[in-house]
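So that you can tell them apart, the chains are marked A, B, C, D, E, F and G in the order they are listed, and the count of residues begins at 1 in each.
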Amino acid sequence: MAERRPFDVLNNAINNTVIVGMKGGYEFRGVMVAYDVHMNLVLEKAEQLQGGEVKRGVGTVLVRGDSVTFISPS
Amino acid sequence: MAERRPFDVLNNAINNTVIVGMKGGYEFRGVMVAYDVHMNLVLEKAEQLQGGEVKRGVGTVLVRGDSVTFISPS
Amino acid sequence: MAERRPFDVLNNAINNTVIVGMKGGYEFRGVMVAYDVHMNLVLEKAEQLQGGEVKRGVGTVLVRGDSVTFISPS
Amino acid sequence: MAERRPFDVLNNAINNTVIVGMKGGYEFRGVMVAYDVHMNLVLEKAEQLQGGEVKRGVGTVLVRGDSVTFISPS
Amino acid sequence: MAERRPFDVLNNAINNTVIVGMKGGYEFRGVMVAYDVHMNLVLEKAEQLQGGEVKRGVGTVLVRGDSVTFISPS
Amino acid sequence: MAERRPFDVLNNAINNTVIVGMKGGYEFRGVMVAYDVHMNLVLEKAEQLQGGEVKRGVGTVLVRGDSVTFISPS
Amino acid sequence: MAERRPFDVLNNAINNTVIVGMKGGYEFRGVMVAYDVHMNLVLEKAEQLQGGEVKRGVGTVLVRGDSVTFISPS
């Protein structure tokens, strides 16, 4: 069944791993445990990725919605 | 018949393949299954494109409207 | 007779070819069939231009007003 | 007599030639025939300038206020 | 006596020469004759500066507040 | 237990060390002692980091929320 | 005692020297004599710094809050 509202994707992704694209061109990958209407997100067990490579582990990270370009559940 | 309002393009594109231009200069191509008034979009079977070449498959992706520059139905 | 309000240009350009300047430095050229108060635009028979050269045809395209820098009717 | 409000400059420049600085670093020069509170402008007999050189004629152009950095009547 | 509100600086600078820093990295220098709450400014006898050097005279210029980074009375 | 709202991360991080990602690509690391709804933050014993290296100590710093891209408690 | 609200840092810094980080990557250092809720700031005896080096003295400067990235009292 198709999603009907964009935020359904976020709701369905709770406790699942997502890739988050960031305005600076890098990405975070982690387990999304919270989000709000501004697309502020909390990831746990998160890694920062650059060019598809893991740059470093960051544990828990609050990502500011204003810096998010896309969110892709895995 | 000509479109009369910009969002008609989005409504008509539901369940069809679209190309989405992104502020960082790259594009997504996928089947649009949801959008909202901020132009937040959900694509399925999506691919990320750079310079017209497929960079990688991303499956389902929620694209943040603020990062969208254009949307072109195919 | 001179235009009196900026949006008159858009209204007068409906069903005519326009050049649309984009924040990334490239342009679209196509027949404008719709616009709204945010300067979201719909072009048909559109082409993407870079440095004055046609880069590719894109058919119908919804251009997000936030990415528009100028619109010039031809 | 000194101007008292910034928009007086726009009002006084109607039907006169202005230079418009744009965020991308280039400029338009043309006869300003309309403006609104967002600093959306309409120029006629307009030329696009880069580094002080005329790059091309654009005829009538609607310039989006969000992309304007300055306006200088000549 | 110390200034108490930021806009006092603007009020005190009316009819005096100011340097205006712009987002693109360049500056204007001129006699400020008007401003509003958005920090839109009007300068007269204005010059555009790049790297501290006068690039050109621009006469009267309306500077869009959104492009201003700082204003320094001389 | 998983966080439920993004700002819970900020609340839990009070008086703890955090890494703050900034739009310019650098980071601050310090003890977060205050935040508000705009994600304006106050760090104490703060250091500015570039490419993972300490660039300099800055003591107390008020970080403007608009420039924040992510916040990661350590 | 820890600060409780971000703007307390500004209030406490009145008449003290601060370093102000700017979006363009440079900094101002001066005595802060005024601020408002937009983080518009007035510095006196101010210097513009680039890469930690004094580039020039600017005397009094009104810094637009929108261009501020951080403020650090010394």
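Keep this in mind: a residue touches a chain if its C-beta (ideal position, glycine included) is under 8 Å from a C-beta of that chain, and two chains touch if they have at least 3 such contacts.
Everything quoted here is computed from the prediction, not taken from an experiment.
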{"item": "Any chain that touches chain G and chain D", "value": "E"}
{"item": "CA centroid of chain B to CA centroid of chain G, Å", "value": "42"}
{"item": "Rounded Å distance, chain C centre to chain D centre (Cα mean)", "value": "19"}
{"item": "Contacts with 2+ other chains: residues of chain F", "value": "23, 66"}
{"item": "Chain ring listed from chain C, with chain D in second place", "value": "C, D, E, G, F, A, B"}
{"item": "Contact footprint of chain C on chain B as seen in their complex", "value": "2-10, 19, 23, 25, 39, 52, 65-66, 68-74"}
{"item": "Touch list for chain F against partner chain G, complex", "value": "15, 22-24, 28, 33-36, 40-42, 44, 46, 56, 58-64, 66-67"}
